Amino acid sequence: MLAYLIRRFGQSLLVMAVMATIVFFGLYMVGNPVDLLINPEDDLAAQEAAIRRLGLDQPIYIQFLQFLKGIATGNLGVSFVHNTPALELILSRLPATLELAFFAMLLAILLGIPLGMIAGLYPSSPGSRVIMGGSIIGFSTPNFWQGLMLIMLFAVFWRVLPSGGRGQTTDLFGIPVSFLTLDGLKHLILPALNLAIFKIALVIRLSRAGTSEVSLQDYVKYARARGLSEKRIVGVHILKNILIPVVTVLGLELGNVIAFAVVTETVFAWPGIGKLLIDSIGLLDRPVVVAYMMLTVFMFVMINFFVDMAYSMLDPRIRIKAGKS
Amino acid sequence: MSAIPVESPFRRFVEDFVRSPTAVIAAIGVLGIACVAIFAAQIAPQNPYDLAEINIMDGSLPPGSVGFDGFHYWLGTDEQGRDMLSAMIYGLRISLSVSLIAVGSAVAIGMSLGMLAAWSGGRVEAFIMRAVDIQLSFPALLVALLLLAILGKGIDKVIIALVLVQWAYFARTVRGAALVEIRKDYVMAARCLALQPMRILFGHVLPNCLPPVIVIATVQVANAIAIEASLSFLGVGVPITEPSLGLLISNGFGYLLSGRYWISFYPGVVLLVTLVCINVVGDHVRDILNPRMQK
Amino acid sequence: MTAPVLSVRDLVTEFDTRAGALRAVNNVCFDVMPGEVLGIVGESGSGKTITGFSIMQLLDKPGKVKSGEILLNGKDLGRLGDTELRQLRGDRIAMIFQDPMMTLNPVLRIDTQMIETILAHRKVSHAEARQLAEDALAQVGIPSPAERLKTYPHEMSGGMRQRVVIAIALMLEPDLIIADEPTTALDVTIQSQILFEMQRLLSNRNMGLIWITHDLTVVAGLAHKVAVMYAGRIVEFGPVSDLLDRPAHPYTRGLIDSIPSNASHGKRLTQIPGMTPNLLNLGKGCPFRPRCPRASDICASDPETSSTGDGRTVRCHNPIEEGLDDTASAT
């Protein structure tokens, strides 16, 4: 197990290094890094000073090493607009995004798995058809338009929920969160649902396919032959078997949730890193964009790493294989 | 030789396809949408980007209104007095052409790289496939968004971004299918005959890789439309002078809170119908082609 | 006279397929007494497994018991509700499946699966249930049962897993166990171990056992009575030694002759010509007729089941009479 963990961790580091290289040389190939990293509104002397300060007059390989050093030490430049270190800025917005992503995932699991299992257990019932039809629509509609429609219905026509913002926050372990106050919770519902819709549709599909496959297995029939209650058969014997693929895919989708949070945060004016990214792109605040890139790469690599770990915990068969190899 | 009529694969495919009414309706929908996009200039009641035809006095009219000079706005107007119906027809054309060009290019690049990987093996294959893996481990929307953040707005740049995020799907699929094909006896035979590798690949291997590529391309067209719409909504996609459906929705966003829902609503419905139709057709094509592929 | 544990009367099970109703079990009748082992023998597709699942009321769709009675201690299982059936399954009537590799849930530990079975039927504490499970494992000859309980199914061999399944079946002292080819998927050596174990475990219990198999030699060593099935019917029924010594039905005779033995060394093995019939178009008459060496014109009508004394029945127009005929099975 440990050997597997170490090898897998090494792979993650390698991908990080490759991506850092791509981002660095991407900046060189696509445009002049001076344009990207230096505030174009400064005067010429200030720009030259900045060039020297950032080491942009050095040869490329030295700059690359410095870029890597910056990544390793968390120094990814200073935001032109906010005049704070870019990484710090992003990290200060991260809790809002994570809160949103967490609740979206929670909704996806809590709604998607039961609905998918119902559709898998009773494939020809009208309810299942409605569920599957809904999941096709959930899959097909672009996220941002779903968000607009949620706002239109709940905020404009019925006026029951706010259309944007984070609402009142309280500190939990020093981190501001919305879900602990009623006002914050109200602000959280729509964006979380918006971010979750696609995942709900996905989880429904996965759980349905898994349920209909697992229900035919001998061990389910055997569970019935042992006189177990239907509740236990569905809730333990089937659920535990379908959880493996669902958790894997959901884990891999965690990155996608962060990506789509860009859209949801823009629609609902949710002050997370996605909104920060879009604002920074609009304001040409490029250090923030670069910092966002590196942080996302880091997050993705980490997510993939942890999903693999979780997978091997959940499926005892994999654990054995990994241990032997 | 035999008296039994040989059923062509295409005919069998069509026969299988028409068995599902949902798929037929969706296919008709796709055809209809394509026709509307192609003949946009002929169908649209107004050219929404000809300033001579637009009357600023007709701004933000609700659906069904009659304009200042008697023009009937079935789906209302936007804040500049453009007929929404016309704007949507033109927007549909832009959305569809952007995604079709992007997917077409992605198919060409992805297939070439996939076949190259399958044919050459070794380091070339390892390199290409590693790039595919890395590419696919990042969400398409995010990659495209960050690329456009560097490149800037523009239809050509959106297409480049879409190609970049989609080529990997085709490369992976084609490599898989080509590997199966290359190991078959007839390719060995063709190699023994010392046929040109190009001829073997494009004349013999490629046609056998097409079914999965068609399936994935269908789904990826829908994906490309959705990604383009999202990018335009986020303000990094197509420029304001050539608004796609996504940009139309984005333009209406600001007016949504004041109750002028139609500017965002109707383009979204068109987008939704388009995507559902393409996805249903794609799902069905996959179901038909799948068992044969496994054979 | 004791009452039978299980009494099956005129059982008919059908599968509604697109091509019509497929009658997988056709008018099957038999009794199982307490402490008795009934062997059900037949080729694949003869309906023996479906009979087992019909008794359990666990048929996969579109299978359905069309008519007949299945009386467990006098209670008709076909008339019970889902809850009552659930309470009986695993408790009063247990089942052992064919392939131990597929029977146990791969993601649940052995203890979870054993304890949940006990808790579904007995009001005992978790600790008591664990003790019961451990005892049950020890009883079927699994070494260090306490540790074994904590393993996952895939960490055990097929033979071990089948022992676990047997332990689960015996654990709650049911009145009846249905074993559906429990040794078929195992190696021959493991097979004999399991058979030996089964004999030992049954000797001091009063439970009925139905042992479904395609292997007559297994039945010979284990069962008291045998039912031979063909095309969904019981074609011959009787005490095991009597039936194997003097088969009355040409099909039984064919099955016995196709067992390789020392006596036939060097000779071609005899076989039953032809294939098992397609149940969808059986036509009228005896279903074995096309393969039967004794077929005559009368076989165009379906034979009735008739008693031949000594608790034996046979369903044949031209049964093999004692001492008169042993050329019947030649070629």
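Observations on the structure shown:
In this document, chain identifiers A, B and C correspond to the written order of the chains, with residue numbering beginning at 1 in each.
The working rule: a residue touches a chain if its C-beta (ideal position, glycine included) is under 8 Å from a C-beta of that chain, and two chains touch if they have at least 3 such contacts.
Everything numeric here is computed off the predicted structure, so don't read it as measured data.
Note: the chain lying farthest from chain C is B, by mean C-alpha position. Ranking A-C and A-B by contacting C-beta pairs places A-B first.
Chain centres here are Cα means. That of chain B falls 58 Å from that of chain C.
If you average the Cα atoms of chain A and of chain C, the two centres end up 54 Å apart.
Computed centre separation for the pair chain A/chain B is 25 angstrom, with centres defined by C-alpha atoms. Contacts from chain A toward chain B in the complex involve residues 15, 18-19, 26-27, 30-31, 36, 136-137, 139-145, 148-149, 151-152, 155-156, 163, 255-256, 258-260, 262-263, 266-267, 277-278, 281-282, 289, 292-293, 296-297, 300, 304.
The part of chain C that touches chain A in the complex is made up of residues 56, 58, 60, 82, 86-91, 94-95, 97, 99, 102-108, 116-117, 120-121, 152, 154-155, 165, 168.
Residues 216-230, 232, 236-237, 240-241, 244, 314-317, 320 of chain A are the ones that touch chain C when the two sit in their complex. Within the complex formed with chain A, the residues of chain B that make contact are 134, 137-139, 141-142, 145-146, 149-151, 222, 226, 229-230, 233-236, 246, 249-250, 252-253, 256-257, 259, 261, 264-265, 268, 271-272, 275-276, 279-280.
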